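In structure tokens below, several structures.
What follows is a pair of complexes built around chain A, which joins chain B in one and chain C in the other.
Up next is the complex of A and B:
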């Protein structure tokens, strides 16, 4: 164990924890604001600390405080299995959190000939880990609904159980055809494979090489995360709140946060498996390292441009209408945020300038490329999370028998067909 | 003519069967329809993201509603006569008409020779009130009105929402006549 390996392990572990846990308030904020914008409303934008609203992000932290201070109500009619009742939300939360840990955030960095994985769990069977652990999440839902001794909760749990048998098989089969294509169960190897091209033009992303399996994967992962259009276990229009009817305060918040982490994990798996992971199309890690000066010059031009567009957008939108006199400190906030953005841009620019033209240390270039890949990963992750949210506010909910029907009559045969064709093509090519 | 002849009159070839529209392949695929839906929501999202203040949303406490008309049923008031004394004659018509039983009146004799009766106390529990306006319709003396234009009512405790006679008399009408029109 060298010092570098310990540092990389600690850094990637804390990055993984931050990405999983710190995205929850961001995702709740995104969900509420995007829902508002889609429905021509504003969404929460009033809560502030000393006039700093960050576009309403502070509201999420106020929500956390609210949930922590709520009365911890325990329904007295639950006699048996009280510990499991308390434990059920933790199962869902932990399963979603652990499943995220196998995702690589950047390509393995080579320091002094040592290959170090940038992933909280440095394992080369990440896909198995993901499938095994994330499938546990539904157990928390079933236990919670079952032990609530409540008709609505029980129906919700039963629906969650029926969901499992509808989506797990097509999910596994579609993943299997992707595994055959990439010839690996290592997430990192999958991403490296996808940085190449096929037919010498198209980037060999899973969505282009295996369109059918990719669509089935996306649909089934929507079902696994209990997101719309598959929120039958919650079913607030007919089942009050489904499996979480009897849950209050932080017990409820565990389910709530578990749902968002699961969404985050599903997005991470989708982009890792079929959208090229932390890589941009046509740009593999070796290419980035070989032509570092071109890559960093492109970054040095594009980062100020992006920052300029962001500041312009903020100056236009972080203010109240001209008919309202009191802007609640928005002008001051815009000034401070603009200054912060400018300072950050100057900092990044100077670091890139130093790395490109003054120093030619391979290690620092390596780290710069890794940071760039992490940035790409986070951007892709957030874009896919936004896709999840937009889908939620677009589609109505399926009936649970319709989900079974789709799963058994359409998705499983299609996934099987796709698996056969993939196997034949792979055998024929090799 | 009994039931049987009636039924036997309908033969299989006289019944017209209309073919129900079947779902086409495009409908069964769901994905084209989902794409169409996402296109709509994304358009709303993106248009609003570009210019948040162009949205048709009222930023309420700073922006007050402008569509409160003279027919809006706001908070109640008790009107005065021409000589500035209370118009109410404590006939209990309003509390009888009230569907939520939120008007509580105690009558007393009126000693100033203007009328025979007046309310000693007049309470409206606005937490019970459903703002239906039946009391206004029932009043024979035009003594109670809901034309104050007050649409928002706040308080720190329940007692703040029980309006007594003096409070109700102090409310000013926002539209129309200030005093009672009863003859």
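Up next is the complex of A and C:
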């Protein structure tokens, strides 16, 4: 183990943990603001710390404090198995968190001839890890629902369990046809396959090469993460809150956070498997490294433009109506955020300028490309999370029998058919 | 220096091995003794996690993950779903008089087989853990070249079990009505 490998391992591990845990408040905020947008209202935007409201993001931190300080309530009718009742949310949370750890955030970085994976768990069977660990999440739901000794919880848990079982099959079959296409179960190899092109024009993303498998993958991952329109396990109009009816405070928060981490993981898996992962189309890692000066010049032009548009948008929107005198510190917040943006742009520009024209150190260029890929990954991740949220606030919930019907009568035959066609085509081509 | 590191490594391995063994044994005992079916399933879960840890300790990480995927992701989830559907109460379960006596007696019966197993394990290569089973590619190639016949036979066994379950569940009286 060299020093570089240790540093890369620690950095990617902390990056994975931060991405999994720190996106929860951001996702809760996005959920509320997008719900507001769709329902033609504002959503939370008043909570602030010293006048900083960050568009309402501070509200999520207030919620965390609320959940931490709430009273823990144990239902008195739970006689034996109270420890398992308390342990059940932790299973769901930890399974969702661990499943995220196999995702690569950037291409393998080469330092002194050593190939280092930029992923919290440097394993070459990441897909397998994801499928194994994420399947454990439903165990917490079933344990919690059964031990609550409550008809609503029991029904919710039974629904969650049977839904996961019936959707695991099409999920596995669609993933299998993608695996046959990429000829690997290594996430990193999948992404580098997708950085190429087919018919010498289209980027060979999974969504273009395997449209049917990709759509089935997205639908089944919606079901696996218990998101709308598949929220029958906690359908409040029928089952109060489903399996988490008897849970309070931090134990409820564990289920809640587990759901958001699972959604984040599902987005990461979708973009890694069928949307090119951390790469932009037509731009593989080697091309980025070979034509580093062109790449960095493009960045040097585009970053100030994006920052300019952002500042202009913020100045236009972050203020109260002109009839109200007291703006609650919004002008001050705008000023500070503008200054921070300008300083960051100047810093990034100077670093890029130094790397492109003054120093030609391959190592630092490597690191710059890795950081760029991480940025692309995070942007794509957030776009897919927003897609998840928009779907939630657009579609009504399926009825329970409709879900089983779709799973068994449509998705499984379609996935099987797709698998056969893929196998025939792959064998025929080779 | 190198020798000391090896000794420390062995020590660490032994500690992890003992912890895993403790987990597996206690899980197995909980599975057999507890009256509630859900706790039995939890004991089974703990045992399977320990078994996956054993594979990981032998440096075959792929097998460890496969163990988790099959035993926990499929077997435990399915058995839990069955428990949820049946929702058996303790009063509905059959009486088991002298349960612990029978358990001790049956473990005595198994003792000779355990001894045989121990003897056969002693004849294994000492560098068992160095064998190239750690990557998925090697496992897949072995499974589809050298071990393809046992692999297929196991799948036939599973199919037979499934058919048997369906036939047992099928009510013969209903067939006459149709």
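Annotations
Here, the second predicted complex is superposed on the first by the 430 of 430 C-alpha atoms of A that agree within 3 Å, B and C clash if a C-alpha of one lies under 4 Å from a C-alpha of the other, contacts with A are read in each partner's own complex, and residues count from 1 in each chain.
Just so it is clear, contacts are C-beta pairs under 8 Å (C-beta built on N, C-alpha and C of every residue); 3 or more make two chains touch, one makes a residue touch a chain.
In this text the structure is predicted, and so the values were computed from the model without any measurement.
When both complexes are superposed on chain A, chain B and chain C end up sitting side by side without clashing.
Look at A:124: by the touch rule set out above, it reaches chain C but stays clear of chain B. The superposition-derived angle at chain A (between chain B and chain C) is 110°, Cα centres, a multiple of 10. Once chain A of one complex is fitted onto chain A of the other, the partner contacts of A:132 are limited to chain C, with no touch recorded for chain B. When the shared chain is aligned, no partner comes close enough to touch A:4: not chain B, not chain C. Contact with neither chain B nor chain C is seen for A:78 once the two complexes are overlaid on the shared chain.
Once the two complexes are overlaid on the shared chain, A:162 sits against chain C while remaining clear of chain B. Which of chain B and chain C touches more residues of chain A: that partner is C. Applying the stated contact rule after C-alpha superposition, one finds that A:86 touches neither chain B nor chain C.
In the superposed model, A:42 makes contact with chain B only, not with chain C.
Of all Cα pairs spanning chain B and chain C in the superposition, the closest are 29 Å apart.
Residues common to the contacts of chain A with chain B and with chain C across the two structures: none.
Across the complex, chain C meets chain A through its residues 36, 38-39, 42, 45, 61-62, 65-66, 68-69, 72-74, 76-78, 80-81, 83-85, 87, 135-136.
Looking at the complex, you find that chain B touches chain A at residues 31, 34, 37-38, 40-42, 44-45, 48-49, 51-53, 55-57, 59, 62-63. On the chain A side of its complex with chain B, the touching residues are 34, 37-42, 215, 316-317, 319-321, 323-326, 390-391, 393-395. Contact residues of chain A toward chain C in the complex are 80-81, 84, 123-125, 128-129, 131-133, 135-136, 138-139, 142-143, 145-147, 154, 157-158, 161-162, 164-165, 168, 185.
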